[in-house]
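Presented sequentially are two complexes of subunit A, the first with subunit B as partner and the second with subunit C.
And then the complex of A and B:
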């Protein structure tokens, strides 16, 4: 099982949404991490053939997915970032409808099993229009799982969910991740830690780093500092990437991500994935000015 | 999958609102507007037949003369100043008042003259004109055949169950009123079709649906089939209502009469009954609705918003409405008449009002062969439907310029 991206580039006018994206994925859960506009959704749309890359191609086990067409889509499960369903349909009807679209043979059994998996058995005959955001998302994942897809694509799957629903959702993805490639886009770092085997950091349509979580964390090793300061005024926050501020008796304790030692009293500390995100995606005021100039 | 598409439509509020609007409009134009005049026409026919019963066995020319004399006598009586009060209060012999007697007598004289003298003479005139045409068109085999068809059509002995043309003429006027219902039906199908082909976008389901193996061509065909079923079912119900209404107001025997029994269709070259005309009318309406579905499907493949797509889809049909409406207002305007004649050839929207195709031998030269406009327009409809659906199918759900 191999999903390979070969120099996938997507241009919108002069803007590059994806810039020569090259990566090979095998069985496991992969997180696409990046700020808004990094190219995550564009990449997912290229996989699902909703948009055509300007150049490059996506290959499934060595075969061009665009040439495979419906054969490749039969292997796909897709949960978009925001989606709706027919409000007048019940959850069960919605599942049956997508079973037809996906050529699922034992649709009734699959529907029962998946609705149970996403804890919607009791609501199977309730109209989708009355579902909460969390219920709708769980139904969405059940629909995405119909037909046992080998590639599961989840775009911001936990966005808008309350903490309880998010934990439930992460556990669910862990449960279903065997024997398939799961790609999920997010900017919630804790979700990556909870689910992913590997992560791909995207910015401006380019991969800036990829690998297992430890590799990512190691990339900012010796770049995370703790420093006590009398206060955390705006100037300080503009000058440094501060990942945490704790109040102490004498002022504040700052967790700073920086290449060099930010203050004389700063001491190195163990990095986390939040620090990785901050290091690669947060800009200091100075960097922002340089970029805009 | 068609089951799900139909189920979705049945659960849609838009469908029920549209159905309610159609039913209410049909009931209003049939029951309140057409119904009143139809009942009055039917009563007039009944009274005329009762009046005419006393003249059975009389010779044709004597009968016409007798009836005309009686009508003249009553006309003089009615218009005499000293009788002004009596005609509305005094009881008549055949109607409720002397005034009604006058109306019955005049109508009876006109009816008998039409049936026994004018209609046969017109038949002869049409046949003679066709014979002349044949001698001029001897090199054109098709045209000759058409003229021969007319001759055989008019040389047949025809039975007129409708003694008076009153009810038939009123029926035609009711049919003309139904043209507005046809327009409304077309707009409703247009709205439903646009909603049907864009609902994945408006619900935000497009990402999920188009990422499935059957979410493109098969889903398009399912939607197309569902819309065609809806259109066919609607037209079937409309046709059934039309026939029931016609029977209710005119009697079942009328449906078996030749279309030429309605004076406006005296020159109709087709051997067709009134029931056949009703069936043809609804078949052609269905053709029109299929083109509407095809055009809106194509527009929806570009514009993924139901209302906007419907608004754009209706534009090509607006030209047809404009000319047709103008023709109703200015029936003698040569420019409008000519425009409509052209449109009748190329635009299936003219199936809203098919009378013009049935009034006379209506043909144009097509690739050197005189061909009936109706045939060409049906072919154009099939072509429009085929091309638009093929183009729409090739675009439906395919990758586009999405924002990243």
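And then the complex of A and C:
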């Protein structure tokens, strides 16, 4: 089981949404981490063949997925960032409809099993039009899982879910991650920690770092500092990437991500994935100005 | 595949109680047809029928004599009426006498326009060389043929029911989910087009049948065995078929063009992705040339989609070959549109 991206590039006019994206994925859960406009959704659209790359290709077990067409789509499960369903259909009808679209043989059993998995059994006969955002997303997950897809693509899957549902969803992804490749895009670092085996950090359509979570954390080893300061004024926040501010009796305790020692009293601390995100994606005011210029 | 077609049929006809809308539309259409399908002439159809009944009961060799006598009688009465008016104005007769005379002329005066129509037809058809034709009842058939024009109800139905077939996917946001499934492109599109065509053909047949049924209820079908040339003088180059056969042929053409319309709507839906835009585009493409027929060359009007949809393709074309070419042309266009649609998937 191998999903390979070979120099996938996508241009929208002069803007490069994906820039020579090259990566090989095997069985497991992969997180795509990056700020808005990093190219996560474009990459997912390239995998699902919803958009055609300007150059490069995606290969499934060595075969071009565009040439595979329906054969590759048969292996896909996809939950887009935003989607709708037929409001007059019940959850059960919706599952049955997608069972036909996905050639699911034991549609009735699969529908029952998946609706139970996403905790929608009681609402199976309710019309989708009356569903809350969270319920709709759970139904979307059930639809994505129909037909036991080997590649599961989830774009911001936990957006709109309440904390309880998010935890439930993360556990669900862990349960179903065996024998398939799961790729999910997110902004939420804690979701990555809970689910992913590896993460890919994207910025400007390029991979800036990829690997297992420990590798990512190690990349900012010795770059995370704790420092007590009398206050945390705006100038301080503009000059440093501050991942946390705790009030203390004498002022504030700052958690700073920085290549060098930010203050004399700063001491190194163990980095977390949040620090990784901050290190690679948060810009100091100075960097932002440089980039704008 | 059949499962997908069934699902699409369900969405087109049954989902959101659309069947109720169809029944209501069908009811309105039938009611409208019942009250508007009439002999649209400038005289009383009842008097016209009276003459027809008299002529039917009169042996053929005596019909000419009867018509001549009636013509003279009416002319005399009209002449007498003119004289009476003149006498009244010259104070030769009193007002009461004038009123009494005028009342006696009323019946003849009332009958004259209908008789003139009978006379015109008698003279016209008497000149025709051959066969025994029942000329006099053709007003009824004219009422039906006149009614079988562009069916705005059906057009509205097509736009309301077929447009959401594809646009519904885009408007509710389900398209991203569907398009990545195994059958979500080629097979689903095929199923949608098949369902749209099937629904359109069924409804088109239903509406045409309703017109015929209402005609039958109002006028009866006794004269449908007559050659079509008896009621459509422009069709002398047309093969000798009966009115009934002509109506069936016309219905088949209408259904074919409705199928063509359904395919055009499907293609426009996929291209434009918006129900409102598609409805406007279809209305513009089909109705504008039809409504602006005076601005376009006649031959375009005669072979246009509007002519096909209105069922006037045959009657307008005069030349059978032109009508057949128009049908073949539109069917080729339909297949090509279907192919383009298929390729877009």
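The working rule: the second predicted complex is superposed on the first by the 293 of 293 C-alpha atoms of A that agree within 3 Å, B and C clash if a C-alpha of one lies under 4 Å from a C-alpha of the other, contacts with A are read in each partner's own complex, and residues count from 1 in each chain.
As a convention for this text, a contact is a pair of C-beta atoms (placed from the backbone, for glycine too) under 8 Å apart; a residue touches a chain by one contact, two chains touch by 3 or more.
As the structure is a prediction and not an experimental result, all values here were calculated from the model.
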item	value
Fit or clash - subunit C, subunit B, common subunit A	clash
Touched partner set for A:239, first subunit B, second subunit C, both or neither	neither
Which superposed partner A:70 touches (first subunit B, second subunit C, both, neither)	both
Partner contacting more residues of subunit A (subunit B vs subunit C)	B
First, second, both or neither for A:103, with subunit B first and subunit C second	both
Partner chain(s) touched by A:82 [first = subunit B, second = subunit C, both, neither]	both
First (subunit B), second (subunit C), both or neither touched by A:140	both
Touched partner set for A:49, first subunit B, second subunit C, both or neither	both
Partner chain(s) touched by A:17 [first = subunit B, second = subunit C, both, neither]	first
Partner chain in contact with A:39 - subunit B first, subunit C second, else both or neither	first
Touching both subunit B and subunit C, residues of subunit A	48-50, 70, 73-74, 76, 78, 80, 82-89, 97-98, 100-103, 140, 143
Residue ranges of subunit C touching subunit A (in the complex, touch as defined)	3-4, 7, 11, 15-16, 168, 172-174, 176-186, 188
Footprint of subunit B on subunit A - complex, ascending	10, 12, 17-18, 37, 39, 41-42, 45, 48-52, 70-71, 73-74, 76, 78-80, 82-89, 93, 96-98, 100-103, 140, 143-144, 153
Complex interface listing, subunit B residues touching subunit A	1, 4, 7-8, 11-12, 199, 203-205, 207-216, 218-219, 399-404
In the complex, subunit A residues that touch subunit C	48-50, 70, 73-74, 76, 78, 80, 82-89, 97-98, 100-103, 140, 143, 147
